[in-house]
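Chain IDs A, B, C and D follow the sequence of writing; residue 1 opens each chain.
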Amino acid sequence: MEKIVDKIKICIQCGICSSSCPLNFAMDIPMRKLIGLIKAGYTKEVLKSRTFWLCLSCYFCKVRCPKKIDLTHIMYNLHEICLKQNILPENKITLQIYKAFIKVVNIFGRNFEPLMFFLSLYKFPKKFLRFLPLGIFFLKRKRIHLLPYKIKDSENLKKILKEAESIEI
Amino acid sequence: MKNKEKIGVFICHCGTNIAGKIDIKNLIQKNSGKENLFFFDYPYFCSEPGQTFIKEKINQLNLTRIVIAACSPSLHEKTFQKVAQEAGINPYLISCANIREQCSWVTLDKEKATEKAEKIIFSHINRVIYQEPLFVKEVEIIPRVLIIGGGIAGIEAALQIARSGKEVYLVEKEPSIGGHMAKLDKTFPTLDCASCILTPKMVEVRENKNVKLFTYSEVEEVSGFVGNFKVKIRKKARSVNLLKCTGCGICIEKCPVKVDSEFDMGLSKRKAIYIPFPQAVPQVPVIDRENCLWFTNNKCGVCKKICPFSAIDYNMEDEIVVEKFGAIIVATGFSLFNPETIYQYGYKRFPNIFTSLEIERLLSPTGPTSGEIILKDGKIPQEVAIIHCVGSRDENYQPYCSSICCLYSLKFAYLIKEKTKAKIYNFYIDLRLTRKGGEDFYNRVLEEGIEFIRGKPSQIKMQKDGKLLIECEDTLLGKIRKISVDMVILSTAICPEKSTPFLARILGLSLSQDGFFQEKHPKLAPVSTMVEGIYIAGCCQGPKDIPESVAQAGLAAAEVISLIDRKKIEISPIVAEINEDYCSGCGICIELCPYNALEYNSQKIKAKLTPEKCFGCGICVSACFAGALSLKNYREQEILAQIEGIL
Amino acid sequence: MKDIKILGFLCQWCAYQGADLAGTSRLTYPPEVRVIKVPCSGRVSSHMIFKAFQKGADAVFVAGCHPGDCHFKSGNIIAEKRIKVVKSILDTIGVEPIRLDFFFISASEGVRFKKVVEEFYAQIEKLGSLNLKNGK
Amino acid sequence: MKYTYYPGCSLKSTEIGYEDSLKSSCEVLGIELKEVLDWNCCGATIFPKLSYKSYLLLSTRNLALAEIYGEDLVTACNGCLNALNRANFYLQDNKNVLEKINGVLEKVGLNYHGKIKVRHFLEVIVKDVGEKSIKEKIKKGIHGIKVVSYYGCLYSRPFSSEDPQNPYYLETLLKILGAEIIDFPSKTNCCGGILTISEENCLKLIKDILEEAQKSKADCIVTICPLCHINLQLYQKRIKIFMPIVYFTQLLGYSLGIEISKLGKDIFSLKGLLK
């Protein structure tokens, strides 16, 4: 959190990030306010917010910020802090997608969309059923590989991924 | 070498600036008793009592050399040179050790700082032993002044100097003087008409016999030094004889070519032969050769046929004028930020989005709409948005505050409300209305019911109905607002004039981080530059409003008048010296010298130095293998001694 | 390990002003970096550089105005060329050429001055101090 | 012209048509692509959210592998472009982190020196191949097709030589191929990325894009990113706006005279328009 505060010191609260965000209508706290709250030390409110969980990594806020603050990176940092403190998002599926993605990559070294899709949604039958016809419609129109590809060095990759967790950046 | 000189070392505390980091007491204790070295310290040596203290010590102990350990020599070297001179020591027998900017302020550790300070001081003690007395020379100042830029700052400076009886050359690149101020409608916060106050001054420039006006001209080369600058001015071919033309305007009437008017920011048309605006000085048209049919197709020629005074001259060529000047004032003003680079604001992509200068032209009674605020389709806007800080205060474009946009935005709000009764929104980040009368004006604008929204709009979209939708967070309410308006005004930033880097190069000036000319000192020498005899005034030094520009112009004029009235000026004695006995006549130095101060003497087969032409860079000295050349005050033994001391 | 000593020759128009600005902005850099003011980076002779190494400098840098900004038109360019030559001489006598460098620093670049000397310092620190066996 | 090639996971699983058209176009244009050996997922936008270190490791492993070849690294996926670039610039600015990451990578015999340039395939075609040599090789052209070009977020933001909100290389290319360009202000708007699965709100973003394209009377939307492509295509049924979505390489390949069956199925939707 201190690292984040360091990066947003120069924020002038102009609000261009809030209105640039494509999902601003779905946010409970506007981004500008979120930054203000971090600065003022309201960490609890910040981490409870769903604002940063909605980040699409579109970088509109970053390129428009008049102080060149890397807001996207700050949104990423907030995810990480939340997970460390075990604060989970309102939208459980979002987190499940992320976890599924990481799981697939951990096993195969690469992502395989159909499997990731399944792992993300199988715990949410309602959603799953809504997506199924779309998925089938989609697959019919495409030539796809049916099985995931496992990279040759996947065991080592898994090992060094774990090791990377212990370095300090 | 055994030191026979009595050296006084004066260490300044500079309050706590130096004493807070450097253990001066210890430093002195450690070194006192060394032969012929006398250490003193004092809270502020630059103060009057501090200077007296130095003088007293010099006289008491018969000191012959002085080392001042204090702030950067850029700040007070001159002060202490004067002190030495008054006490009877040659000013070039002192040396200034910089233990503030380059020691106490940049070092965290006290011990290390003290150690470094000691080394720095001893390096100067080493060097001062070798220094030699030098004597300044005097040269005459040419009582003629060059002013580059004919905007309000240039005009004001020219008039002030001309009134004092000195000759002024005013060079303007456009066909008329007047600059940006001539384009403005009313001026904030008093709302008096810009041209009503500017035109009389422009007329005075024309009438004053001491002012030589060079419109449609540019400065190309500058050489020389204070008191004696040699300048090459290019008078671009106007194609109209300035002496014959009476400004009747019949040629303009008959010219068949129409192009966008630069003066009206492209909102109206002008002819290929044109006078930029009705009050222009001089009242003589110019032919725009890029668009004139005679020059592009070798056809037409109507203007020449019709001119009753045969003032049109298609064969006119650029004229080069070379003249000498005692001083130069640069007043080249600014250029307006081009908001096209901010994609999300849609300038030029959507209609009815204007920059501030375009709005000035729309508001002006002599402008393209005769002062009416209308949309592209001729309707009167019902809702108008004014976006502040477009391109200013933005690291992606211009990081600085453009200083005047807040007040001119309020002015637009007030004037447009008055003319159209439209609902007006101001989108701002911070309101900076620090000028005299600023707050009163804000109150007046608030009373008019103009809305202020604190937030930087993220984008402007075109709607189906042709209206413009502004998306913005109202940061005071914490709500995302979408406001649809008929017209958007972008309060665009003030940028350095495009010729600024070129002028900086030929004049030898430096630029500040923002790209404007760098002044010598931000507080105490705001219009002086590092080059003696060259001054800056107005927006070329940084964004500012009319009163500030006029004030700077006045100060620059006063500086120039005081300089010229001195009649003579001392020039630095730090020049190269040649010992012909050592010169092998290889000629390397002659090629390297940037000022042609060295010549080849073919009779003696040796290099010949003209000290008056030398600027003291020392390039020749370090290239001379024979060691025949040396640079006064920076001779090899002086620097080598300093190296020995500092390591 | 003994302290590294770095000597800089700064032109009085740009680099020295830049160093002053670093001070006025209260930026800090290693105290082992010490400077000598010269009228122009073109004034720095090869003799001065060798002398500095001989007298115990572990590294030397020369800094002048940016190309085109030189107060004396081209002194900085001449200096830069000279530094290249001196570097090759250093190489032949067994001193790592990276112990000598040339930088362009303007009067407004206080932050850059700090950055440049810090990086240079770190580079030399890695290299360790210079051991000149029997002088030159 | 030689490049190191990083396909990214999508091109190897669901978006095979994209890779096919890309590779066959390269052959015609004389571009030699060498695929990075045993590459792994770049980390996309998901890893950095949950663990920035893991993300750096994933991307750096790829960069280190690619560095062996010594050429510029090209990819045709915006997500990969962004992830690899982000890691690359981050490590160049933070040399100490690079050292630490290298410390881990060394255990599998890799080391990244920070010397590679990551570029999008589109940029390579427009800038390196250039208008002249493309024009020489065009066989059919796609005259008369009205297109809107959709870049998505991550091609031009935040790292690009182009205007982050108004890139123009895709239009440049399509113009060379003979298509009729329709101005598309939403060209760098966001499609919702991976969050379209969980957030119903994202459908609004897709709807806005499709609606605007439909209003502009374009025949198709041209994309340069597999994820944008999937998102714009997948939800058409739910939003009830139907619009062909094609990859730029498919139109390029078609113009260069490559058989339509080798370009992936997306282009069949345009069959009626292609002569």
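Here is the rule we use: a residue touches a chain if its C-beta (ideal position, glycine included) is under 8 Å from a C-beta of that chain, and two chains touch if they have at least 3 such contacts.
From a predicted model like this one, the values you see are computed outputs, not experimental measurements.
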item: Chains touching both subunit C and subunit D, listed by label; value: B
item: Per-chain Cα centre nearest the global Cα centre, belonging to chain; value: B
item: Mean-CA-position distance for subunit C and subunit A (Å); value: 47
item: Between subunit C and subunit B, distance of the C-alpha-averaged centres to the nearest whole Å; value: 30
item: Residue numbers of subunit C (touch at least two other chains); value: none
item: Residues of subunit B engaged with two or more neighbouring chains; value: 344
item: Two or more partner chains touched - positions in subunit D; value: 165
item: Pairs of chains in contact (touch as defined earlier), listed by label; value: A-B, A-D, B-C, B-D
item: Residue ranges of subunit B touching subunit A (in the complex, touch as defined); value: 344, 389, 393-396, 429-430, 454-459, 471-475, 478-480
item: Contact set on subunit C toward subunit B in their complex; value: 5, 7, 12-14, 16-17, 19-20, 22-24, 26-29, 31, 34-40, 42-48, 51-52, 55-57, 68-69, 71-75, 78, 82, 106-109, 114
item: Subunit B to subunit D touching residues, read off their complex; value: 341, 343-344, 349, 461-462
item: Parts of subunit D lying in touch with subunit B, wherever the complex brings them together; value: 163, 165-166, 185
item: In the complex with subunit C, residue positions of subunit B that touch it; value: 72-74, 98, 100-103, 105-109, 112-113, 115-116, 119-120, 123, 504-505, 508, 510-513, 518, 530, 574, 592, 594-595, 615-619, 621-623, 631, 634, 636, 639-640, 642-644, 646-647
